[in-house]
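A quick write-up on the structure given underneath.
Each chain gets a letter, A, B and C, in the order it is written, and its residues are counted from 1.
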Amino acid sequence: MIRDIAKIIKYQMHDNLRSKWIIGLFLFYSAASYWLISFSGDSSKVLLSLLNITIILNPLICIVFGTVYFYNNKNYIIFMLTQPVNRSVLFSGLYFGLIIPLTLSFLIGIGLPVIINLNLFLDTLHILSALLYTGVIQIFIFTGFSFFIAAINEDKLKGLGISIFIWLFFGILYDGLILFLLQILQDYPIEKIALGLILANPVDLGRILVIIEFDISALMGYTGAVFEDFFGKSLGTFISFLSLTIWFFIPFALSLVKFSKKDL
Amino acid sequence: MITISQLHKSYDLLNVLKGIDLKIPEGKITYIVGPNGSGKTTLIKILLGLVKNYSGRIYVNGNEIDGESSYRSQIGYMPQHASFPENLTVKHVFELVKELRNRYEDLDEELIAKFYLSKEMNKRVKTLSGGTLQKVSAALAFLFKPSILILDEPTAGLDPVSSSILKDKIKTENNAGKTILFTSHIVSELEDLAENIIFLLDGNIYFNGSLDNLIVHTGEHNLERSIASVMLRRL
Amino acid sequence: MNWWIMLNRSGIKFIFLICLYFTFSFVYAGELKVGKGEHFATIKSALESSSPFDTIFISPGIYKERNIVIDKPLTLTGINYPIIDGEDKHEIFTVVSDSVVIQKIKFINSGVSFIDDNAAVKLDEVNNCIISDNIFEKNFFAVYLAKSSDCKVLNNKITSEKKSEASSGNGIHLWYCKNIEIVGNYISGHRDGIYFEFVESSSINNNISEHNLRYGLHFMFSDNCSYSQNEFSYNGAGVAVMFTKNVEMTDNTFKHNWGGASYGILLKDITDSKIYKNSFYKNSSGIYIEGSNRVEIKHNSFLENGWAIRLMANSMDNVFEKNNFIGNSFDVATNSTRNYNKFKNNYWSEYSGYDLDKNGIGDVPYRPVKLYSLIVEKNRPTLVLLRSLFVGILDSAEKIFPVLTPETLIDNFPSMKKL
């Protein structure tokens, strides 16, 4: 089974790495990274801008690209399924065959200008690695979402709409709701709620993983035992890391189940 | 040999197949025909495992289809509109399917030769014409010498020369004992190949028998008129 | 004193004798040795036999002596750091004479007491003393100066085990002192690293004070003092400078002071002071300013702090000029919509304006107080939304239509480049 998945991944990657979109994405990431570094020349400023690319733009790109990719390849997917191939095998092959090129274009695109200017980042390598890990997991998660959307819904335009909504929800609206909730409940002990809500959103999790490194001085400026335990020790990093990794399986597993049962 | 018993399929409230019992005999060419919405596409998709949520039982060469994919190694399928990853070359597509089927020898490459596909091998899929894609698709369907061939509007989009090459191929394979199933919602130029005809109408089998019997049954003098008269009488 | 009176009374004969005595003492009696196999087995016995201006050399070894009172102008020098152990019960050296020099000795275990401020070395109402190159370990108080002046505390290494604030004393403690120099010391693990109360005209230079329970430097009612080129890091509450006029704080480094009540510098009721060229790195709050007026804060760098500056509304006429604010979670937070302080020519890494006339000054003013920082001030758990896009949108909206942030807290001439 793994061998069959690997075969499909091989051809999917072969296809995707030649796709003008993936190449364009790589160029975009490297241009953005290069421009940020040479324009500001300050590692913390670069990292903060990269954070926004990583947790805001990157998910949008992945979810839209993934959705369009799945719809556009529908006939091919059907053809593949008339061969003696399991659905889960094909689905995994398609998924990894897409996220690997996406990940490569992200990592190399962002990373190449960083490596060239590595001495600028020597003190912030831990933040940088948290950032890149976050970015990669966002790719997994939001590509997973896009496949899920394509699996539950036949209409391409509607699928695109849902994609953008999901991005908007996790990227912006969710935080707005948290703020609203925390403001309403501000007279109660709400640290646990605040942290719990954050753990339920992959974008927030990715952000936490980065700011836990970057803004630790501010986060430790809040004297609450829950926060102190979470952010002060490696507990927070560990939990965020774990949750984010769990998050990676959720959309993938959901869409795998959905796709396996679906009438094509 | 394909055996189908009590096959029901509905999409939401729409009953597409209403309890079909069918035997598609081995070594014969069977022509599935019916108007749009009669259920023939759904029937083919169920045979290929693309549609999974149905009730009833289906046996392919004696084994029941139960979600496993291995039975499809006995089937060659040629879709109406072929589609492959556009940045792969034709050669890659052939290699991909070979790898999926895990079969690199004992191949039937007759169509690759006859369609002159060797000169297309290094072209990327996105640069191919619709006709060439159909040729690739046809060549893939026969490549692994499957015992059952399912061809969906196989000659649509092919030029007359290629079309007759394909027709000859179908005849040869049939003579070699292959079961061949093709569909069309119009009467195609392949009708003269068919020995059996299955007429689907509103999710039921209206007629299942030899071509001659249908013509006798309807009292017309050829297939096209027979079919037309069936449709008209029913509508 | 009697000595001088005698001299005056007895005339030339006596002067001769005295001269003789001095010559004699420089050649012979000037040096006393303490240690195993030496003339004196204990420090106390050497002290008793010593004359003013003698030097007592202490050989390597462990000396379990306590409450040693030094009442003559003497020099005590350790050879290879002899250890004097207070056995967790007592004060070790109490200096009550002027002109005492104590050097190269290792003091350990001055006793914890809730009644007495037991110190390893206490200077009590003396002048011109020098405490240098000593090692202090696990003492309650290490160096304690009370009502003394013109003394120096140089190059000592002072460490202790952090316990609770109640059972820990201060590293270098000054109370009612004048003209003291504290230079080149290393202090860690005490309650306060350096403690100043009612001290005048003194200076604290080139010290490192870190990992102390409470403050790296605790500084109160001490006018006309200065501290520069010190490093204060990982202290429980940072540095506190309170109730004082004319303090100069230059070239110091304040870093990694984390906690809700931890500050690079806490300024409370400070007036007419200068904070120049300091570096604030990764503190929960860089400078917290309360009830302070006319403090000039210039040429400092605030790098990656939680809050670079927390400015309370009861502060006026403070000037923030030519500082670098880079990568702070919040640049400035305040508790009021009014502001009577000046911000000018600072570099703000968050600034996104432009400079069309290329004079190095941004053409659009910068507002360092964000709406989100006001929210966080009142509702700390909302910190989990730090750097989220939603918060960014909120801040941008407030930037365009300032309603809740102080309108006059603004840098009208932000620098385009790092200073």
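Here is the rule we go by: a contact is a pair of C-beta atoms (placed from the backbone, for glycine too) under 8 Å apart; a residue touches a chain by one contact, two chains touch by 3 or more.
Here the structure is a predicted model, which means the values were calculated and not measured.
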item: Chain occupying the most central position, where position means C-alpha average; value: A
item: Reference chain B; chain at largest CA-centroid distance; value: C
item: Rounded Å distance between chain A and chain B, as computed from the means of their C-alpha atoms; value: 42
item: Chain centre separation (chain A, chain C; CA means) in Å; value: 47
item: Centroid distance [mean C-alpha coordinates] between chain C and chain B, Å; value: 89
item: Two or more partner chains touched - positions in chain A; value: none
item: Contacting residues of chain A [partner chain B, same complex]; value: 4, 7-8, 11-12, 14-16, 18-19, 73-76, 78-87, 261-264
item: Contact footprint of chain A on chain B as seen in their complex; value: 11, 45, 48-53, 69-73, 75, 77, 79, 81-88, 92, 96-97, 99-101, 137
item: Sites on chain A touched by chain C in the complex; value: 40, 42, 44-45, 48, 51-52, 55-56, 171-173, 175-176, 178-179, 182-183, 186, 190-191, 193-195, 197-198, 204, 207-208, 210-211, 214-224, 227, 232
item: Contacting residues of chain C [partner chain A, same complex]; value: 256, 258-262, 282-285, 303-307, 326-327, 329-330, 349, 375, 378-393, 418
